[in-house]
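In order of appearance the chains are A, B and C, and numbering begins at 1 in each one.
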Amino acid sequence: MSAVTARKSSGALGWARSAETGRILGTLALTLGVIAWAGADLFRQDLALLGATYALLALGMYLPFNLAGALSLAYSAYVAIGGYAVGLVATKTGWPLPLAYLLGAVASAALAVLLGFATRRLSGFYLAAVTLLFGVAFQSFLLDAKDITGGALGIGSIRPLTLFGSELDRRTFIALTLLAVWIVAVAVDRVRRSPFGVALQSSRDVPAAVEAAGVGVPAMRLTVLGAGAAIASLGGGLFTTANQTIGPDTFTLHLVMLAIFMPLLGGQGSAWGAVLGAVLVVELTFNLQIFERSGSLIFGVAVLAVLLIAPGGILGFAGQATRWLRGRLARGKGAQEKGARP
Amino acid sequence: MSAQLWVSVVQIGCFFGLVALGYYLVLEGADFFNFALGPFAMFSGLTASWLMAEQGWPLGLAAVLGIAIAAVLAVVTEVALVRPIDARTGGGELPSLIAVVAVLFAVEQLAGTLFGRQLMPGRSWLPHTSLDLGFVTVDGQTLALVFCTVVAFTGVWLWMRKSRYGRILRAVGSNREAAKTLGMPVGRVRLVAFALAGGVVGLAGQLFAAKAGVSFQSGFGWALSGFLALVIGGTGSVWAPLAGGMLLALAQTLVPYYLGSASLDYAVLAVAILFFALRPSGLFVRKVRV
Amino acid sequence: MTVLLEGAGLGKSYGGVHAVDDVSLRLSAGEVLGLIGPNGAGKTTLVDLLDGAQPADSGTLSIRGRRLTGPPSRRARAGLARTFQHPHLALDLTVRENVLLGAAAPKLAGVGGLLGGLVAGAFRPSGSRFDGTLHRVAEALDLGDLRRRCGDLTLGEQRLVEVARALAQEPSVLLLDEPFAGADAAGIAAISAAVRAVREQGCGIILVDHNVDIVASLVDRIMLLRFGSVVFDGDPAECMASPEMQDVYFGTGGERVVP
């Protein structure tokens, strides 16, 4: 029995490893495809940049929201912090811009941990409402603290990123941004499957068991809130660098609402669902001219439809279809073998 | 503070109170915050404004249709979305929350697509009436709002006391499991609560649109204000949402007056965190009913 | 024998009702202590007090002579593991992942452990370094295919997985809350064998169950609880024959009679 179990699971591991290689290479190919598609076309570059920013926001929310079940809506603030960090470093200091990404990430992670601590006893509706109010208050702060944030005008003429002594053109920068999304998505998805991710997912359904096993659930929740805020702020920082301007209206509360739905639409079963959802949102609301102004409505209806009929999202649905097909094929093969046997 | 500001407090307070009353009804019936009530109010107000401005409908007809649509939206939300999702996920809080946020978004976008994305003015229900109290003049729209608020609250209060469904709703609100065990029609009462809440916030949206105008994005802020009003007021009595609405309106008017406009949002956040951290059940705690 | 776990004067009451009333206990290395008593005697509450799931109103607790306080996660790090009366498993995850939680949890302790686990997850997601523990436990309890979703398992199989998760923590004190309820004969045999095996390794075990026969066959000592108090503490055979036992289970004590 033991040998069978061991063989079975090592077989499973081997299979998982090759699937993982395929996933990494496949998504890299897709990312390179998007980079090639965007090319020198300014409109497509805008779409790619927006998609990358949305994807980073949704990836930031993926660990605390989709895996741990804590719906914090303060993410517009974290994205904005990433953006303003770039704006401030570029206009008030001579420091290299990558430092701004780091500062923004640290600042928003710290704020997320603070807010997470203040709201540690809340869940569900109350957590959503308080974090939403935080987003509202932060937006007021951006308008109000004119000395720091430039008030309603925001911060403009942000210098472009220089790497190894030369200024990066927009095309190269956006290619790097898309690669950054790929790296973050691969990392978040691997975290999902890791022991940490297992503990995180268990903490949503059976927090008492996770506590009893020795993992402090509140501390784990704060850890992923901080990590998620850092990822979201990176999105804001990259977006701001490419557009060279940031204001209080760049990242609104509305954006957070879109970000909740991205992984739902794409599929919560994998971090790539968040990325797919981000791509779909950009397609529906900006790119496809046939929908004109009703793209957001179609998006909303699609989310409702997914909630009702395909809780696994598009990737979940595709996964089900693949398993079904594979099952059919295997059964067909089995039947053939049985038939061939005398 | 000028007397006119007090009129404004009463006006906003009545509006918040009505939205909070909608929350209260759904909370009693379904133990759940229907954040989509804000957009329902918006949809009602925007429908009526659009019908009057673009289609030349008379006020009364447009208003009735607007309120009816809000009630229908609420019923559809319950029947087509919340109930099936609850059944599938075992009634967890997060799936219902996501479902109502999705409804919030979809209703918002539906309104934007149908009626356009600009602010529309509402029309006063009593444009030629005003009440001169000597120290302050109250315009007709405020009178209509106050009157309708009193009627709505009294109506719901009487309904919950006198009618069969209303009494069942109270029973369900105080102990769902017991009500279910006793064979009460919990599901049907829940539906009635949703519909009634939709009607109440539909009325609120109509009346408030005349003061501040309404756009497809108004519902979001309204949903948040109504929620806060209910949290402040508590669920101890039918009148608690009105008290919460008045207090919230008072704060919203006083704080910016004395401390500047951005401080309002800080103050609201601080109060909310304090409120939730201490976990009180609002000013009017539900009395234990035996 | 070295004393592993020692509790003195433990108490917990809800609105004036003493669920656990001044209970003292002592568990040695390699000892199996059976905790029996009718429904509502306070067995699960006592387990919760030991594990920290509920804070005690009074009393002190120590493990290997060191004070044991704080939330369950801290006590788990001190060597405590438990199962629940109703299995607490992540039903969407596989058997392997649920057991992995127990094996990996000690590495996810504290801020450093959590950050380390987060970063390590991105680089080494498989958690293969826990495979040794995982396979040993899976083999001991005969868990079968580890890729099955826990939501698809029977109650008995779920209990087995939960015991496996607790064993994967490699605890020095194991609290088993009704591990046999709902388990079939094979499951009971597997759990009993596992209890004997970890006992050989010097682990102290507290076993709560209604099934007096199984408990009596496994344990070195029995504590009989009634209305939150210990009414008998001693040899299993003596306990079964004692007047207290007769009184609690077959007498006119006033409680519900649970054979």
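Note that contacts are C-beta pairs under 8 Å (C-beta built on N, C-alpha and C of every residue); 3 or more make two chains touch, one makes a residue touch a chain.
For clarity, every value in this text was computed on a predicted model and none was experimentally measured.
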*By number of C-beta pairs in contact, which chain pair leads?*
A-C
*Pick the chain whose C-alpha centre of mass, unweighted, sits closest to the average of all protein C-alpha coordinates shown.*
A
*Report back the single chain whose CA centre is most distant from the CA centre of chain C.*
B
*So what's the Cα centroid distance for chain B and chain C, whole Å?*
49
*Taking each chain's centre as the mean position of its Cα atoms, how many Å separate chain A from chain C?*
39
*Approximate Å spacing (C-alpha centroids) for the pair chain A, chain B*: 34
*Can you list the chain A residues in contact with two or more other chains?*
none
*Quick one: which bits of chain B touch chain A in the complex? Just the residue numbers, please.*
32-33, 35, 80-81, 84-85, 88, 93-94, 97-99, 101-106, 108-110, 112-113, 117, 217, 220, 224, 227-228, 231, 260-262, 264-266, 268-269, 272-273, 276-277, 279
*Under the touch definition given earlier, write down the residues of chain A that touch chain B in their complex.*
69, 71, 118-119, 121-126, 128-130, 132-134, 136-137, 139-141, 143-144, 253-254, 257, 260-261, 264, 293-294, 296-297, 299-301, 303-304, 307-308, 311
_chain C residues touching chain A - in the complex, by the definition given at the top_ = 51, 53, 71-74, 76-77, 81-82, 84, 88-93, 96-98, 100-111, 114-115, 117-118, 120-128, 130-131, 135, 138-139, 142-147, 162, 165, 169
*So in the complex, which bits of chain A are touching chain C?*
1-2, 5-6, 8-9, 12-13, 16-17, 20, 186-188, 190-199, 201-202, 204-206, 208-217, 219-220, 223-224, 227
